[in-house]
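There are two complexes below, and they share subunit A, which is joined by subunit B in the first and by subunit C in the second.
What follows is the complex of A and B.
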């Protein structure tokens, strides 16, 4: 698989990252190298008889009962807000469909 | 050219659990902002989600009630996107192994039964609520809703008119209410639908380009949006224009839709298995227990009401379309000697009163037991059915027992023959013309005389006695 500059720009876009042209270029090369190593390793593995893994945890059916417990106090919740107003987190206006 | 409309729905229902999907915060609606949050639902680093067992059970219950297959082994996945209402920058949802698949609901439209396929039902978490301020250039966020459990029900593109969409949506809502999986309070956003709609020339094999309208939160808005969008797309095609695949926002107040700013790239959610959660295994024993918890569903109840209480099909369908109404009817019908009359009262006076007062069914001020008593009073000829309407009005406003009302206002049927005879004689002597008419063969004039007697007795005279005495006196 070949990593292109477009792939890097698409990934940057969905990750909301602004990359310079040089960064795009160097990342394309870096990621290509990483992928290449990965591929070499993977294709040398014997996966015969290995079942597909649905989930990383080998546990099954770990559940909670539907019982309420205390939530955090509002001041505590808003501690991580850079700006808050009337009990709300405040952020620059977002347009729908962004 | 004739066009065919093709509609599929994605319905989101908030589950009626006490706590959120992955933490113990309450799901109660209407609290002060950001008072029902914890490290898990705020996505703080290091917080680990643990799945609420009820969420799985409610999803399975819905699947069973909508004829789905239940997935033995299902899993949860991360759906990645950035938006301020999503604190983790991903939503935990289900991608390739949803809990339920391949179901259907049968709907009735214009006397015909139609089957609408259900592709899948999966569980996921709700996002926080954004409040956009028009004046200031900012957005406020309340995370109380973040992590409230949802099921998303995805239908096949099997609906072809707003009537079909309405019938399907209402049926689904009824089932969610019957199974008590969701409170379906649309005004609180507990039930919302996305509409996927396209049009194509009638008979064409391939589907047209579709648009999506998100988050419609009333049946009326859904119907209007479907009608409006069908018309808009047909007009585009008739003008030789192409339909753009896009998400549109429906503004119900203005009855119009407009495109949302579309992204240059299609969404890439980069789904992957949620590493903090494990697989869900639903074995036969668990499935059996959940199946046993499903109550009688609307279709079965309708058939039983017709059989057991001799209701007309229309009345039975209407009454069973709402669980509280069906319960109200049955609470009265099972202690009444005349269930048919109970149904008539409900379909008539009760529904009118609810409509006039804008009252919910759960707010009917007359208990089922008292309604039964009212019907008994009529059937045992203690009050006339005309007077019963007055008694009903008083019951509605005062919540008094019907027999007490009859006693208090002296509304009993007047069945004392001597008293009625005296009044009949009065009426006869006051209306010689009508009496002559009757004697000369105009039998219809007897109705006029009956009316006169009723007026003099405030409608309380036993009509059978009045009729009998009047016929005798005018022979």
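What follows is the complex of A and C.
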């Protein structure tokens, strides 16, 4: 198994992370080490038939009554946004065209 | 007078006897922070004005003879990933460098209602990822026992603050050892509660299936008192435990005669650091003298814990941190061409290299072609580790191990090393299994650096841990005498 710089650029793109050429290089090396280490260490451990364990909480399907509760005021929600206007979060144009 | 090394019960007594006022206590802590924080860098934010204001409110209550809640007038601090309404909460990241939360975490509300006074927000590894506290955007924290060394991580500021008297107690967060590891390196008591025991509402998510908030204190009694204040069912956290929550202070002073303490043969056979292991053996002798039985147990699968933990935690991190898009809150890059560029640049400029590495690792492990090979495999290993502990706990009440194989390392020594090679091995398996564990100081190595032992308990077995650790502390009595007065 070899992780290439192309692999890193692809997952960086999915992760919405702009990487410098230098970062692509160092992350390729790091991930190569990480996944190699994982494989080397775990290849001899037989896990056939073992049920994957996503979480340890014994809670299941926690419901609450469907009733309105206090929520934050609009101003409070917007106050941490770098750019907002007329009560909206402002983003660069998303749609194509004029 | 220097009040900064007093325990919770010391302060409570002095307040009730009118030996000191709440105002004096808070002032003395703030003065010490002013003097030492430049060096230790444990705090990112100090809440001088709010702390003094609240101290005056509490002093009036004290004067009026009102019934006092359990943490009345106790100065404390919170890890900077625990959300505090109207107080900067940065996660030690440029990404949240200007984030002022419009809501409160459940733990902060509970502490406030219990009369505890928030002194400030503590430095940590960025987004709670790391074990040296060197990845903070706000600079590294120094170990108070030796300024050239790291305090451990990720809750390094919390452990350093409690050890050096910059807070009476602190709350940290623990994903793979992030409370226990720095507690061991700084010589304080740190508890990672059972998954679900303490509400995670308002804890900025790192790896949600393992994150837990827990206390860092000067002794075991304080740990029990703080735990009482922060536990309880919280409807705002869907993983909050639906159990009868005990009074943890009721376990203090209880006898441990006949209790079975397991020692995993795999851990002590390794002989990483003779001094650390020797201290754990010494602790076993003390437990024996207190009437406990030491039993060998086996945890064969825990040797696979680190790679499994690294993959699972990175996978959860990559999805949790997808929320930082530069729009609703957090860092937003300037001069971007379009929305895609805005996302890419904000995240590239806002996150540090450790965080980026974890996001990429998680995304890679979760990608459809590699999901079975890595993520699913890691989840299967998690089940085996969980079962290892279940089997061991059929025979014993508590398991003992070192907290870390070594004592505090030098700054820069391990920075930027992918943490898949970290020295978290004794702590991560506990996190994967969702159990509780406590790090308790058990002396110093030849260089004068603290050594910690880890006591691992069954699910919701915090009471037993408190009982065992408290008896140990009483028998040794060094915890109280070994604080540094800087």
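Quick note on the criterion: the second predicted complex is superposed on the first by the 84 of 98 C-alpha atoms of A that agree within 3 Å, B and C clash if a C-alpha of one lies under 4 Å from a C-alpha of the other, contacts with A are read in each partner's own complex, and residues count from 1 in each chain.
We take it that a residue touches a chain if its C-beta (ideal position, glycine included) is under 8 Å from a C-beta of that chain, and two chains touch if they have at least 3 such contacts.
Everything quoted here is computed from the prediction, not taken from an experiment.
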Based on the superposed arrangement, let me know which partner A:86 touches: subunit B (first), subunit C (second), both, or neither?
-> first
Which superposed partner A:67 touches (first subunit B, second subunit C, both, neither) = first
Considering only touches as defined above, state whether A:94 meets subunit B (first), subunit C (second), both or neither.
-> both
Once the shared chain is lined up, is A:7 touching subunit B (first), subunit C (second), both, or neither of them?
-> second
Figure out whether A:18 sits in contact with subunit B (first) or subunit C (second), or with both, or with neither.
-> second
Looking at the overlay, does A:54 come into contact with subunit B only (first), subunit C only (second), both, or neither?
-> both
Residue overlap on subunit A between the subunit B contact set and the subunit C contact set?
-> 14-16, 54-59, 62, 64, 72, 77, 80, 89, 91-94
Spell out the part of subunit A that touches subunit B in their complex, as residue ranges.
-> 10, 13-16, 54-69, 71-74, 77-78, 80, 85-98
Of all residues in subunit A, those that touch subunit C in their complex | 3, 7-8, 11-12, 14-19, 23, 26-27, 30-31, 33-35, 37-38, 41-42, 45, 47, 50-59, 62, 64, 72, 76-77, 79-83, 89, 91-94
Subunit C to subunit A touching residues, read off their complex | 98-100, 102-103, 195-196, 209, 235, 238-242, 301, 304, 306-308, 310-311, 318, 322, 325-332, 336-345, 347-348, 351, 353, 356-357, 359-361, 363-365, 367, 374, 376-384, 386, 418, 420-421, 433-434
Across the complex, what residues on subunit B touch subunit A?
-> 17-19, 24-26, 32-39, 42, 44, 50-54, 56, 73, 75-76, 80-84, 97, 130-133, 136-143, 247, 249, 260-263, 265, 268, 270, 273-281
